[in-house]
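Next come the structures, one after another.
Here come two complexes built around chain A, the first alongside chain B, the second alongside chain C.
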Partner chain A sequence: MKRRTITDITRVEGHGGISVDIKDGKILDIKVNVYEGPRLVEQLVVGKSPRDVLNIVPRICGICSLSHRYAALLALEKALGVKVPKATEMARNLMLIGEILQSHVLHLYFLALPDFLGYGSSIDLIDNHEDLIMLSLGLKSFGYRMNQVLSGRMVHGENPVLGGFGLFPERSALLELKEKSQEFIAMVQSTIELFASFEFPVTYDKEITFMCLNPTDGEYAYLGDSVVVSDGTEWGIDDYKEYVKEYVVPYSSAKRAKYKGKPFTVGALARINLLGERLTGEAGRYYKSLYSNNWKANPLFTNLAQAIEVLHCLESVPKLVDRIIKLKEPGIVEAELDSGASVGAVEAPRGTLYHYYEIENGLVRSCDVVTPTAQNLDDIEKSLKIAGEQLISLDSMDKLESTLEMITRAYDPCISCSAHLIRINYTDKDS
Partner chain B sequence: MDIQIKLRKILTKDEFVIIGLGNIGNGDDAAGIEISEQLKENSNNNIFDEIDGLEKVIMDVVNSGSINSILFIDAVDFNGLPGEIRLFEQEEIPELNLISTHQLDLNFFMQLLAKKQKESYLLGIQAADFGHFSPLSPEVRSSVMNLVQLLKKILPI
Partner chain C sequence: MLNKKRIGIYSFTGCSGEQLVILECGKYLLKLYEVVDIVGFPMAQSKNTIMDLDIALLEGSITTESQLAELKEIRDSAKTLVALGTCACYGGIQSMKLGEGDWKKRFQEVYGADDKLYNKMKPMESKPCNEFVTIDYYIPGCPMDKGQFLHTISHIINDTPPHLYPFPVCTECKWKENDCLLNRGELCLGPLTRGGCGAVCPSHNIPCVGCWGPAEVTNMPSEYKLLLEKGYSQIEIFRNFRKFGGTPMVEKLKNMMEKLR
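The block that comes next holds the complex of A and B.
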């Protein structure tokens, strides 16, 4: 038997690796290892006030801190009897769109694109693809500007508070976002076409089980009180623990999750597969022209799904701004209760994110956070095994490591917030 | 060449921007931001920091026909003495142990600027303590004060 170990997966958020055990041309085992130490956030917040919780839980991640904040807000407000006005809800949705936009842009242009164009890193793109680099910097700046306007800061914004916003976003700033968002539409369309032109190194024929929130208003959006699954099941988010069963494995510090005992996928590809028919505008047009049954099986379509979502986010900004500025500027709604328990869920950039809090006499008694990457890890391993076996059967061992990294990266795993160099350990003399 | 002479050369020959980098919540990593914030108090509009959005500032510089020099200021680990100050050119950056937060790599930005015929430099301060919520170490605080005084003298304010 020989084992190939990719000790550090590059161009992902955090520290992770892949080990593959191969015997007689077959993959015996494949493991995605997460080396990050557990952060114990669920325990850190016990005994803290909801206000403290909102300062602590977004620190789980610097890329999707607002998704964590929003999911926590939804859970805490529901638990404490806070019903925010429509304008607050819509401004928070705009904030979430900004985060999805800038997170997808980072992944598409800086982490995934070098794979498809045959470069080692985004630095290598500068010479021949300066237009893409400049577009991505412009889009990232715009995403950060959205974060600034809505959340108060580019990263780890503190403006969304229990019951509303510390300072509701100014009308002039919202109108600036509306105008600016339209500058990128044509260039993002080119990006979609670029990603649609790439060929994939592996094929898949078995459909993936997808899962995402089901927005109640029938739109393509990132909030919902129920979860829809590609097997036709739908259940309320309050029941998430019954369906999303978390567990741990001895070789990795990240939690895992199964649905009905099997792996499943959340994120942009899940949303496009389950809600794509709801897309409108240019994003809807691209969905209709590009979508095929292959999207139901091949995780590498995640990049294209993200590119379509970037366009959808840009097209959503003017609509949301127009709706918000028509409404009266909302104040902060005070909590009516000091005890309660509830679940909040949002579609974070990488998929469905659940937060659960139980509050007793104004202090947190228990907390549970289920992240998208924890839900995706089993499916990442499954898709790596299929790809590995295919490459071995095609005698393409030379492409094994790079392709496995490429597939892992397509899921855009957010292990935390860094990237390191790859090192390969061959532990078998035949290697 | 003495740092003072080099800085004077960089900051007086062309139009330039200064960008302070770092994280104000991580001890000495606040040094770059601290300097740019103090320079902003009585400067024109060519002083920025990471909080202003690095991508946007870099894009503006790339698209500018007149700005030719960029000075980044950041806490760095170059195995020097705590508070030691060194000026690095773009070619030296990949060798450095830069402390990055959630931004793109500084090396990436400096290579992009080089491609656009812009000169970029890193004014590095050897950090002693990157601890969460730590204040600036005495050595780095002293270097920050000295650099602010020096840059205020050099800058055409």
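The block that comes next holds the complex of A and C.
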């Protein structure tokens, strides 16, 4: 048996590899190995105050630190009886939109695009695609500017605190975001068209099981109290442990999850498949003209789904800003309780993110975090196997490897976040 | 420049925040790619090596045996080693319980009691890079500041020593003429924390959380006594000192308690 190992998947966030077992020209197995160093974050927050939690958990991930902060805020505030005013809620939603924008732009232009255009890095694109590079740099800076206005800085801003904002974003800064987003709306449409023009090296015919939060207001948004699944079921986020069943595999240090014993996918492609009909404006127009049944089966459509979401996020900025500036500037709502337990969930750039905290006398007793990449890992392996079987007849092992990397990358795995939060369920509790 | 310097960016355990800051350098990053050879940057490019480096930029703390081996290889290969961010410089949040013991137990509570993964991963409690190799320059931050990074790297590329930032957050806060949060009774770590962030949290009415790591010269006993007077418990104060304090804070706390005895 021959084993090909892609030791380090490049152009992803974190450290992971893929191992492919081949015997007599057939794929025996493909595994995704994650070898992130341990940080034990869920252990670090035990015995800490809610304020400490908000300093610590965003550090799980530099890309989606605000999603972690938001999910933790929702859980902690619900547990401690804090109800924030509408303006606070909307400013936080604007913050989440900024993060999704920034994260998708990083993935689309810097991590994924070189695959489709045949380059080793996005920097190499500068000679032949300068306009694309300049657009991506501008968009990314705009995403970070949103992070800065709402959270205080580019990465790991501490401004969103329990009950509100340390300093509520200034009206002039919000209006600046509104104006700038409108400039980009016209510019990103060429990117959607570019990603729509790419041909995929692999075909898929089996429908993927998708899952995302169901926004209560009927809009295409990133928050909700229930989870909608492509099999038609819907359940409240408080029950996440029943539906998102976590387990571990011996060959990798990242936790996995199954839904009804099967792999599933979260993230931009899940959201577009489940909520795409709700898209309005230019994003809605692109959805209607580009969406097909193939999106239900091929994970490589994640890139295009993200490109549509970039446009949707940009189109959401002026609407949200207009609503926020009409409202009275909110203060910070103090916690009424010092004990309680609750779940908080947001749609992070890569999919549904759950945080759970149990607080007793003002200190954390237990914590559970389920990240999107942990939920996607099984489906990543599944789609790699399907691709491997189609590509094994190719003479070129390099082509096989590069395609497997490309598919892995399409999921936009945030390997560092998936691996830092692992807990094994003991099956032999009596021993 | 006749011979372009060979630079590599390598990541250990952390949140990848420093690589993100480098990617966000925009036109300066494009310029950097012009004036040096970036031969290692796994988050941005497919081809990467650690061979024959002039400058290695390190992100993250060391938490496994294989990371330690890689760090030593990079030290052997590189003329200059620069630690980027609080994790690489001081150990990061994952070092906040250093010295408390029970590390293996905490590992098992998260990863399970089965030794298979432990034996395969060969993990260790998080420590900063300078616990194992000599580090030439430090750019702390959580994440580091873009301006400080560009300043430091430009100096190193041009063989002139970079100017470091010795003052605490408190100094920057005074420059901004912010109302003092300690005076308001908040548990603010500004006097103890390395500056460079522009006192971003106090400028948002939020006490400094210490995320840039401990400043070298501080009056820690005075801050400690002040916080006790304000009604904070020793446990709470130490918990905050240690949150981002890493290895230097272990030593500083020990010294302080000896002095106060």
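The working rule: the second predicted complex is superposed on the first by the 410 of 431 C-alpha atoms of A that agree within 3 Å, B and C clash if a C-alpha of one lies under 4 Å from a C-alpha of the other, contacts with A are read in each partner's own complex, and residues count from 1 in each chain.
Please note the rule applied: a contact is a pair of C-beta atoms (placed from the backbone, for glycine too) under 8 Å apart; a residue touches a chain by one contact, two chains touch by 3 or more.
A quick note: this is a predicted structure, and the numbers were derived from the prediction, not measured.
Partners chain B and chain C, brought together by superposition on chain A, clash.
In the superposed model, A:N55 lies in contact with chain C only, and not with chain B. By the touch criterion stated above, A:E170 is placed in contact with neither chain B nor chain C. In the superposed model, A:P114 makes contact with chain C only, not with chain B.
Applying the stated contact rule after C-alpha superposition, one finds that A:L44 touches chain C and leaves chain B untouched. By the document's definition of touching, neither partner reaches A:E334: not chain B, not chain C.
If you count the residues of chain A touched by chain B and by chain C, you find the higher number for C. Of the two partner chains placed by the overlay, only chain C lies in contact with A:V248; chain B stays clear of it. In the superposition on chain A, A:D29 makes contact with neither chain B nor chain C.
Once chain A of one complex is fitted onto chain A of the other, the partner contacts of A:V161 are limited to chain C, with no touch recorded for chain B. Of the two partner chains placed by the overlay, only chain B lies in contact with A:R145; chain C stays clear of it. Aligning on the C-alpha atoms of chain A brings chain C into conflict with chain B at a single listed stretch, 4-12, out of 4-12, 40-48, 94-102 or 220-228. Overlap of the chain B and chain C contact sets on chain A: residues 62-63, 110, 122-123, 126, 133, 137, 140-141, 144, 153-155. Interface residues of chain C facing chain A in the complex, by the touch rule stated above, are 11-21, 23-24, 26-27, 29-30, 33, 38, 41-48, 60-64, 66-67, 92-94, 96-97, 106-107, 109-114, 116-117, 121, 123, 126, 142-143, 146, 197, 200-201, 203-206, 209, 211, 236, 239-240, 243. Within the complex, the chain A residues that touch chain B are 62-63, 110, 122-123, 126-127, 130, 133-134, 137-138, 140-141, 144-145, 148, 153-155, 417-418. Looking at the complex, you find that chain A touches chain C at residues 8, 10-15, 35-44, 47-49, 52, 55-56, 59-63, 65, 106, 110-111, 114, 120-124, 126, 133, 137, 140-141, 144, 152-159, 161, 165-167, 248, 250, 253, 416, 421-424, 426. Across the interface of their complex, chain A is touched by residues 51, 53, 55-56, 58-59, 62, 100-102, 104-105, 107-108, 111-112, 115 of chain B.
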